[in-house]
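Next, two complexes with chain A in common: one pairs it with chain B, the other with chain C.
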Partner chain A sequence: MKTYIYLIIFLLTTPLFSQPSGKEILNLIDKNLTARTRIMTAKMIINGARGSRTIEFKTWAEGEDRAFTEYTNPAREKGTKMLKVEDKLWIFSPSTDRIIQITGQMLRQSVMGSDLSYEDMMEDPDLTSHYSASVVASDTVQDRKCWVLQLNALAEGEAYEVRKIWVDQERYVPLREELYGKSGKLLKRTQLSEVTRIQGRWFPMKIVYKDMLKAGDGTQFIIVTIKLDEIIPENTFSKASLK
Partner chain B sequence: MLAFKLALKNLIGAGLRTWLNVFVLSLALVMIVFQSGIIHGWDLQAKIDMTEWEVGGGEYWHNLYDPYDPLSLNDGHGSLPSELKKLYNDGQAVPVLVTQASVYPEGRMRNILLKGIDPSQNIVKLPASLMKGDSLVINALIGNRMANATRLNKNDMVTVRWRDANGTFDATEIRIAGIFHTNVASIDNNQIWIPLDKLQKMTGLDGNATYIILKQGITSAPTVPGWIYKGHDILFSELDTIIKSKSIGGLVLYIILLSLALLAVFDTQVLSIFRREKEIGTYIALGMTRWQVVRLFTIEGAMHSILSVVAGAIWGMPLLYLVAKYGFAMPKATEGYGLTIAEKIFPVYSLGTIITMTIIILVTTTIVSYIPSRKIAGMKPTEALRGKVQ
Partner chain C sequence: MIKFLIKGLLRDKHRSRLPLIVVAIGVMLTVLMTTWITGVLGDSINLNAKLATGHVKVITRAYRESMDQIPIDLSLTGTQALISELKKDYPTASWVERIQFGGLLDVPDENGETKSQGPFAGFGIDLFDPDSGEAERLNLSNILVKGKLPSVAGEILVSHSFAEKLGINMNDKVTFIGSTMYGGMTIVNFTVAGTIRYGIAALDRGSVIMDISDARKALDMEDACNEILGFTAVDYYDDTKATELMTSFNNENSSGNDQFAPVMIRLRDQNDLGGLIDMMSGVVGIVSFIFILVLSVVLWNAGLVGGLRRYGEVGLRLAMGEEKGHIYGSMIAESVAVGLTGSVIGVAIGLLLSYLMQQKGLDFSSAMQNATMLLPGIFRTRITPEAWYIGFIPGIIATVLGTMLSGIGIYKRQTARLFKELQLQ
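Moving on, here comes the complex of A and B:
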C-alpha cells in the first residue's frame, strides 16, 4: 500500500520536476546560440516610412567582443566596413576613404535607419552571466509550446533591466523576446523564426526586430549562411582590414 | 581753386555721363555701408540674444563637458561644488543637466538632447515656469524650431527614451507644456527642456549638473576645482568667427562693387582725354603747364567721388535710416541654419565705416583718374590743338 502511495505522489509531482529552472533554460539557450566564432552572410530588410530597403553583408564574429562586418549590397553601401573590438567601433566608408571611430553611446545608435542598434547587431549576449532567470508562465508561439522566462539584470549597467523570453520547450531556442525599460515600459520586441539545425544546434535564421516606440513594421534580419566555431584569422579584427 | 571750379564746370557740363558715374559710385558706397551695418547689427543682436537666452553672465562647465562632443555627456557632469551651490541658492546661477535621448513624435525616432533646468529660474529668458504644475506628468518645453521639425504642439504627449547613468534604457511620456520662440538656435534645435529634478531622477544623477549659467552682471568668477569658467569671450567665439568670415565675404563684395564703379570712372577719363585733345592743347597754349592740365583732369575724375558722397547722402541716408528703423527681414530659411540670427536685423551703421569708405573711394577714384591723365604729359600741344590723335 505504501509503495502505491509513493508511486502516486511521484507520478503527480513528475511534471513539476521535469520543468527546468530558468538558469537551466538559459544555459541550454546559450549552448544553442552562443558560439566561439560565427561567420555569416545575412541581409537586413529595413521597413521604413518611405518603403523598404535591403542591405546585405558578411560578418565574422568572435565571442561578444570582436566582430568585423563588410557590406556587400546595395552599391551605395558596398565596401563599407565595420570593426568592433570590445566597446569600440570603427567604420570605414569607401566614399570618404576614411576610418571613423565610434564609441560609447554611439554604439546604441540605429544601424542605417533600422530598428537595430550597432550593439544589437554585433553582440552575442551570453545571457547566463548577465541575467537571473525564472520561468513565469507557459505559452504557445508559432504553434510551439514555450516557457516564458523573465530575466532580471544581475548588475547595473545592462542596456535592458528586464527581458522576457519565450523559449521553445523542445529545441531551447527563443521564439520571441521583449525588452523592457527600467520603468517596465516595453521598448523592443524580437520575433525569431525559421529555426534550422546547424552543426548540431538549433538556430533561428530569421529575426524581426521591432522598436516598439517607433511606427513601422520593424527590421528583418535574415541569415543566409552561417558557420559556427570556424577559425577566423587574427588579422580580421585589426584596423588594417578596414582598408 | 581755379582747377576745382573748372573741373566742376566740366563735370556738370558732361551731363548724363557724369551723373551715371556718380550714381554708380554712390551705389557702391551705400551698399557697402548697408552691408557692413547689417553684419554689425547681426553681431550686436546675436550677442544680446545669446546673453539673455543662453549664456547669461558666463558659464561654468564641468571639466569633462565638451558641447561639440556628444560622447562627453556620459562623464561630463558632476555634483555642484559648494561655491556654485551657494550662487544657485542665492539666485545668482542656475545649473543645467544635459543627456542624450530619443524622442518619438508620430512614431519617428529623433535623437535629441534632453536638458534639465530649474523651473523657478530667472537667470535666462527661457520660460521655464511653464514646466511647473502637475507633478505626475513631466512638463516639457521646446523651441519653435524643434516644434516645427517634430510637428509637436502645445499639450501634445510624446515618448522620450533615454539611458540612465549606468546605461540602462527607460522611456516615458512627456507633455509639451510650452513652445518658446527665440533667435538662439543653440537652445532650440533638437532639444527638449524638462525640470532639472525630474531629469536628475530619471538619469540617477541626483544633484548633478553639466554646466551652470551665471546671472548677468556677475563679474567675479572664482576658480572652482573640476569646473571651468567660460566668459563671454569664449562663449561668443563661435559667433565671432562666423561674423569674421561674413565680414571677409562682404569685403569681396565691396571690392567687386567698387571695382565696377572705378572702372566706369576710368573709362570716362580715357574717353574724356581722347575726345578733348583740342581742349588740352588750348589749355597748354594759354599758358598752363602739362602737369597743371594733368592735375585738372585728375581733379575732374576725383570730383566724381565727392559728388557720389553727396548723392549717396541724399538718396542713401533716408533709405538706410528706414532700414535701421524697420529692420531687414531675414529669409525664413535662416531659422534652420543653427545660427543665432533674428527674424529682422536692425543694421547698426558705424561712422568709422562711413568715413573709411569715403576716404577709400576718394583715394581710389583719384588714382584711377590720374592713371589715364598721365598721357597728357606726353602730348605735343601743337598736335593737340590740331586735334590729331596722339
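Moving on, here comes the complex of A and C:
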C-alpha cells in the first residue's frame, strides 16, 4: 500500500521536476539566438499612417558589442550606414558626408520611422546577463506549447524593466514578447514566427514589432538570408568603413 | 446742499482725508491690477497666436487627436490648393503655412565628427516671400542677436543660448537629423545665418527657424505642411470672429471619414488657452469685486472711527430736530463726493503707473528659465478703455457701502438720552 502511495506522489510531482527553471530556459534561448558572428540581409516593412514602406539592409554583427549595417533600399536611405561598437552608435549619411554619433534621447527615437528604436537595435541579445527569469505560466502560441517567462532587469537603466516572453517548449525560441517600462506600462509587443533550422539552431525569420505608443500597424522585420559564425574582417567595425 | 457738504468736507479735513486716501489707493490698485492682468494675459495670448496657434488653425483630423506630439506624418497635403481656397473664401483673414517639427542638431568638429548635439523645436516659415509678413509677425529683425536673417536656401536661425551651448558660430555648418513625413530618416546640412533670442525660456532652450521650402525638402513634405495658421484682420484674438470662421469652414468640410481631411480649430482650443481667455474676460469683474469687498471693510472701519469722532455732531443735529434719515442721507452724499474725488485721483495715478509699466515692462525672463509654456519674458501692463472707468466702480460703491454700514449707528441713537450725552461732553 505504502509503495503505491509513493508511486502516486512521484507520478504527480514528476511534471514539476521536469519543468526547467527560468534561468535554464534563458540559457537555451541564448544558445539558439546568439552566435559569435551573424551576417544577414533583411528588410523592414513599416506600416505607418500614410501606407507601407520597405527598407532593405545588410548587417554584420560580432558578439554583443559590434554591429555594422548598410541600408540598400529605397533610394532616399541607400548608402546610410550605422556602426555600433559597445554602447556607442554612429550613423553616416552620404548626402551630408557626415558621421554622426547618436546619444541620449535620440537613442529612444524610431529607426527609419519603424517601431524599433536605436536602443532596440543596439540591445544585447544575451538575456541571461541582463535579466532574472521565472516561469509564471504555460500557454499555447501559434499552436505550440510555450512557457511564459517573466524577466526582471538585474540592474537599472535597461530599456525595458520587465519583459514577458512566450517560449516554445520544444525549440526554445520566443514566439511572443511584451516589453514593459519602469511604470509597468506596456511599451512594445513582438510576434516571432517562421522559425527555421539554421546551422543546427532554431531561428525566427520574421518578427513583427508593435510600438504601443505609436499609430500604425507595426513593423515587420524579415530576415532574408542569415549566416552564423562566419569570419568578418576586423575593419568592418571601424569608423573608416562608414565612409 | 451739495455745495454745503463739499465745503464741510474741505474745511473738516479729518472727515475726508482718511477715506479719500483709502479710496485713492484702492482705486489705483484696481486700475493697476486690471491693466497688469489684461496686459500679461493679452501678451501671452498674442504671443501664442503669432508663434504657434494663429487665431485659427487648419490641420488634419488625425493631427488634431495627437497635436501635442506634433506628428508630421499626419500633416496636410495639397496645401497650395487649400490655401487658395481659404484666401478665396475668407479674404479678410491672412493665411500662412507653417511646419513645426522636432529633431536633433549636430555640430561637427574639424574632422566632421560629432562635437556637440542637442534636441530642438523647429519652425519652417515663409521667410523668403516678403508678402507673407512672417518675419515681421515673429519680430525676427528685433530679436536677432548675431548674424543676419536667412536670405538663401540652406540658411537657418538658431536660438542664441542653444547656439552658445553647442558652440556654434556664424556661418558654421550644422547637421539636422530627424524623420520625414513618411517616417524615413533625414539628415541634412544647414548653415547658421544668425542667432535669435525670443525672451521665452521654452524656445530659447533650443529652437531653429528655417524657410518653409528648406523644411519641406528636409522632411519630404512637397506641397504639404502640418499647420495652416489664420489671422483675422485685427491684431488681437477675437473669440467671436474665430468661432464664426471655424464653424463656417468646418461645416463646409465635415463630410466623409478621411482622417487626413482638413479641420479648423480656434486659438482657445489649443495650448490650454481657453482658460486664459475666460480668465481675461472675467478678470475685470473679479478685480472689482475683490476691491469692493476689501475697500468696503476698510471704509466701514474708517466710518466707524469717524462716527465716534462725529458722535457729538450727529447728536447735536438730532437734538436740533434733524431727521435721522436726513443725516444718514447727507453722510451718504458726502461719501459719494469722497468716493468720486478719491476715484479720480486713484484712476489718474493708476493710469500713470500703468502707462509707465506699459512702456518699460518688468523683466521676468531670468525667473522663467525652466518655463515650458509660451510666456513673454517681459511683462507689461495694457491700458484698455475699461481701465479708464473700472476704478470708479469699487471707488464709489465701497465708499457708499462703508458709510451705509457705519452710519446704521445713527438709527440706534435715542433722542431721550441725547441731552444727557451732550451734557457729558
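Side notes on the structure shown:
FYI, the second predicted complex is superposed on the first by the 234 of 243 C-alpha atoms of A that agree within 3 Å, B and C clash if a C-alpha of one lies under 4 Å from a C-alpha of the other, contacts with A are read in each partner's own complex, and residues count from 1 in each chain.
Here is the rule we go by: a residue touches a chain if its C-beta (ideal position, glycine included) is under 8 Å from a C-beta of that chain, and two chains touch if they have at least 3 such contacts.
Treat the numbers as computed from the prediction; the structure is a model and nothing was measured.
In this superposed model built on chain A, chain B and chain C take up the same space, so to speak, and clash. By the touch criterion defined above, A:110 reaches both chain B and chain C.
Within the superposed three-chain model, A:187 lies in touch with chain B and out of touch with chain C [touch as defined at top]. In the superposition on chain A, A:160 makes contact with chain B only, while chain C stays out of contact range.
Contacts of A:100 after superposition: chain C is touched, whereas chain B is not reached.
The clash between chain B and chain C in the overlaid arrangement falls on one stretch of those listed (80-88, 224-232 or 242-250), that is 242-250. Where the contact sets of chain A with chain B and with chain C meet, they give residues 49, 103, 105-106, 109-110, 215.
Residue ranges on chain A touching chain C, taken from their complex, read 46, 48-50, 53, 76-77, 80, 91, 93, 95-101, 103, 105-106, 109-114, 215, 239. For chain C in complex with chain A, the touching residues are 62, 66, 71, 73-74, 104, 106, 108, 112-114, 117, 119, 175, 177, 179-185, 187-189, 220, 259. Chain contact summary for the complex, chain B toward chain A: residues 70-71, 73-74, 100, 102, 104, 106-109, 111, 159, 161, 163-164, 166-172. Interface residues of chain A facing chain B in the complex, by the touch rule stated above, are 49, 103-106, 108-110, 153, 156-161, 179, 181-183, 185, 187, 211, 213-216.
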